[in-house]
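Dropping the structures in below, format is structure tokens.
Two complexes come next, and they have one chain in common, chain A, joined by chain B in the first and chain C in the second.
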Partner chain A sequence: MSAGDGNLGAGGQNRMARIRERYGVLRRRGDAIWARRYARLAIVLVAAAAVILFPYLFQPGSTFLFDLVEAVAFVVMALGLNVVVGFAGLLDLGYVAFFAIGAYTIGWFGSGFFAYVNHTKGIHILTSGLASTLPGIHINLTAGRQGITPIDPGQLPGLNPFDPLNLRPWYWVALGMVAIVLLVNVRLRDSRLGRAWVALREDEVAAASMGVPLVKTKLMAYATGAAFGGMSGAFIASYLNTVNADQFAFSFSIFVLAMVILGGLGSIWGVVLGAIVLSFINTWLIPSVIPNLSSKIGIKVDLTSLSYGIFGFLLVIMMVLRPQGLLPERRRKLEFVEHVGTGPTDMSAERV
Partner chain B sequence: MEAARRWWSRYALIVFLLILPVAFGVHDIVATGGVTRIAENLKDGISNGAIWALVAIGYTLVYGIIELINFAHGDVFMIGSLVSTGLWGTLGLTLTTGTGGLIPGLILSLIIAMIACGSLNVLIERVGYRPLRGAPKLAPLITAVGFSFILQNVGLLWIGGSQTSVPDLLHAQQDLFNIGGVHIFRADLLSIAVMVPLVVLLVTFLARSRMGKAMRATAQNPEAARLMGINVDTTISVTFLLGGTLAGAAGLVYALYQTTIWYFQGFRAGLIAFTAAVMGGIGNVYGAVLGGLIIGCIQQISDNRLGGQWTNILVFGYLVAIMVLRPRGLLGEETREAG
Partner chain C sequence: MTSARTPAAGTEPAEQPSEDALLSAQDVSKSFGGLLAVSDVTFSIPERGIVSMIGPNGAGKTTFFNMLTGLYRPTSGVISFRGRDITRMRPDRITALGIARTFQNIRLFGTMTALENVLVGEHARMRAGLIGSILRPPRVRREERSAHEKAQELLGYVGLPASVMGLLAVNLSYGDQRRVEIARALASDPSLLLLDEPTAGMNADESARLVAFMRQLRDERGVAILLIEHDMKVVMEVSERVTVLDHGEKIAEGKPQTVAGDPRVVEAYLGKRGGTE
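Moving on, here comes the complex of A and B:
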């Protein structure tokens, strides 16, 4: 209370004091918020640096790094499917198609494929010399099981062309894709469109009666998910250096779907975790750890012959132990813990 | 104009379904002067489709009651084939067994395969799906996939990775009689003779018995059924039991019919049968049977006329077209509103 307040009455002084006190509280609260923000920013920066520098812990051409890049590419794919299945609640079993389209796109334009086709067509016309044969008929766009290979590796300005012996640039590209997709995912989730998706997932009729255009919103979800699937598909094709028809099986869709559901439907970080876990179970745990295990613990059974079963068993176990997913979305976690919408605790829980 | 449009909206589907057989029938008449070949295709299709129908019923019952695509169902069917062919060895059924021993032996193995697959399906439901009853609707889908992998691995360990031929006990391709030049094989009679009574029994059970009524009530609304005093968990178990027994029967018929078994046969059969269930209108038993028969015919015509590489395109093309023309499937009811 300074002396300059002398011309105010006692009530005025009191009011001034209250205002100052209030201001102090607000300022302290504001400082706390800013401190928390800086702390969060610092954590994000440190985590980002750790993730970016992570491949320096391994040989540039090691198998682990190879699997890691694949896992990161799967994160992109799973995040794409998460928009469709997790946000909008639409079951999509044909997701592999977008992977295929992305992969073939890079297969066609990122390799000598069209040159090759033109070449054979030329020979075909020369040798047969029949005008009745349609020249286009021998163009086989997918090259079937044989596949299109090799595919040009990626290239970044200022770096050497990517090669299979140094996987770090691949990793960074994949990481960049994840960053973009994460950003898009988070921003979409918190947008008008994202809220429309969640509303649609929770209750289609209610959403429609609140003015959410069903067809358009669903199509937007499919389109967004498909875009990410195609992006990741193009990357994987270039990374594996081949595109062939056998890669695009129905089971691939199921595999990506398992990542989304296991991670936690609609939960962005859960899906990231689910994709990494399942991808590593598939590429590292089952082919390289489990076979060694049998010799280590001294059983005679050849565990490689059980790899299918072990994968299935892990899926069942993880799902039964954590039905809501590894890192459930906050909204869904509430449904599980507080039974929102299932009992009289409705009102208290909904305020959270 | 208006009349034409009304006619089209009512009969487009039928026209569409008839395109393939009629086109090839006309082709046959022009080429050979008779319709024997297309009739034979359709006969093969129906007897083959009867197997898909039995598997499809399992999908449709389970989907109808808990809205789950039971991905493990195709592999339960595969286990049915393995169990029944294994039993032939145990029972000593060989190519030289006389009719007097063969028929009781096959009936016994049919019953055991049905029981085995039924219990297996119930077990899977108990371990994999029941704990997830309160989870997101898609969670049991993943355990189903997990069980599918496990069963495939069991099959792989049991008979190895390659297609295995089994003794052609019935001499499946032997002529039984022929109608107007169409040869009816023993296998054709077998698959129809197993499918029709089982479907009739199932439909009667659903329509008449107390448990069947409980199943229909649960399918309509599980909450309301529970309030009416129906034990929903038991009802669901019975549904899985019925689906499993039919898959077991289909497994035996398949082994007798195709005389080869494979650990991966269930995956393909599952996909086809699920397609059949959706095509016929999921949740509807007759729809599943109709879908199975239609898909069997499409497959036979396509395999025989266009080549096997077109079969899947044609089957799923038909599925898409039927879904567009009639979103609820051929015999499906109006879908329940969400929530």
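Moving on, here comes the complex of A and C:
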């Protein structure tokens, strides 16, 4: 700040020149800030346009587009889980439950499910054919492995028709959900609540002593995550045109968790990347690229049934080579690489 | 037992904490399993007072602190703050009522900046919830802005140079970390500040400055201070009243000079002369 102070005795003119020079520097710096802001705005607008227009590069019913829509839905889910796992540092292995709730909700209300139930003069709940052979009233809310299908596609003005041959409207709806969940992530990260989550993650005792209510603050993270899990569950059920019990396996929670970890816990863009990468490995690399390549050299390799093994292997590799994730978040990087914040800042234990 | 006992010896009938006390603890005990860490301590802190608690290591001072702030629940006894029973209250509720603390081993949030640490301290004084944080209506924006201003002001108040306010807490010097911890505690607008060995690791000069700062806090902000301290010079200089704990029991209480001359206190610190009474 006081670079010019040493030259105070060098005469008024000299000093004026310095002041002018410094003012010039400041003004140029101010201009630079504005220029950077405009540049950023321009980049955001171009990127948004590119993302919105992206499906026009493909046939409206192409397989790639089909996988892409699913990947975008997974981005919503992973960003929801990111609030729980990445921001608040809580392990959430029951995430699939909210996915299921969302999916069944759209299944029940977006199909003839209840009408169908009434039509057969019995309410079936439970999950298998066994129930219907027993006397009495059965309520079958999940429709078992056959699932609830078909589900009516949504109706949105300007975006019709939603059908399997034109996947663009689906893509745009998923993109809209991503926009919402991105906003929620960014806003929460830099808020009273976001700070409380970081504090909790680092030191629960200190956080509670600073006035952060532990249970309430954690529940808010779970609730936010659950909301987006349910949202994308409803979307995917409607998109795949079916809800069935097999979709909601425990491994699904792990799959979404792997996306968050792969991308970088707490890192918003990292999680977006992680979700897209893992989703495409699941829908494209394993079932189509690997078999195709291997058949070219004359062997038939089908790893579809091993996909969870592959994800596990990928995670192990990540943990060894880059535990902070693909695009690490600043704080998490400190935690993973320099082991900061994994306990009291002082090394000695708290005496009681 | 010696006959030269202070008025507050543990064997006397429990005294009543004065009515106008800011905080009072009545016969508070805490045992961990079979170990009695704090035994029937009655204690009070007057409004705007600076009182100290001393005693050898393991005497139960920090345990007592942790009960006042809700981290531990007393096995028996009642603690009240401004006439409200806080004995079984959660730590965050107690903080919201106006008790703040620092830790013996600095417990800043290492991956947060100095400023963010103080912002966490303001948590109890802010309102923004989940929806408000997402939608950021003008009310929330205003609150955030004034929270930032307050945090900066507090960090300046404790003497942290503006140039390091944006540094991560782990990268701060030891002295600055102590400062940030005090600023973080002050951020919740406490009327009672509990300092757990704040001069640990400080040299004589820094300790002297802290003493002046504690007085300044009391005079300018009306904060009462409870100090756990090993540095006798600091204790003697700043305290209006000193309470001595040994083996979980209160063995003496009174003006610093009186307590320092108490044979039981000398014994607790230096051991019995010649090993016999």
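Basically, the second predicted complex is superposed on the first by the 270 of 352 C-alpha atoms of A that agree within 3 Å, B and C clash if a C-alpha of one lies under 4 Å from a C-alpha of the other, contacts with A are read in each partner's own complex, and residues count from 1 in each chain.
Everything below uses one rule, namely that a residue touches a chain if its C-beta (ideal position, glycine included) is under 8 Å from a C-beta of that chain, and two chains touch if they have at least 3 such contacts.
If you're wondering where the values come from, they're calculated on a predicted model, not measured in any experiment.
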Contacts of A:78 with chain B and chain C, given as first, second, both or neither: neither
Winner by number of chain A residues touched, once chain B and chain C are compared: C
Which superposed partner A:203 touches (first chain B, second chain C, both, neither): both
First (chain B), second (chain C), both or neither touched by A:191: second
Touching partner for A:256 - first (chain B), second (chain C), both, neither: neither
Partner chain(s) touched by A:224 [first = chain B, second = chain C, both, neither]: second
Touched partner set for A:214, first chain B, second chain C, both or neither: second
Chain B and chain C contact sites that coincide on chain A, given as residue numbers: 203, 205-206
Chain B residues touching chain A - in the complex, by the definition given at the top: 71, 127-128, 131-132, 134-136, 138-143, 145-154, 156-157, 271, 337-339
Chain A - residues contacting chain C, complex: 183-184, 187-188, 191-196, 198-199, 202-203, 205-214, 220, 223-224, 330-331, 334-335, 340-341, 344-346, 348-352
Interface residues, chain A side, partner chain B - complex: 85, 91, 203-206, 250, 254, 257-258, 261-262, 265, 305-309, 311-316, 319-320, 323-325, 332, 336
Chain A-facing residues of chain C, complex: 37, 57-58, 62-63, 66, 69-71, 90-93, 95-96, 100-101, 103-112, 116, 119-121, 123-126, 128-130, 133-136, 140, 143-144, 147, 168-170, 177, 184-185, 187-188
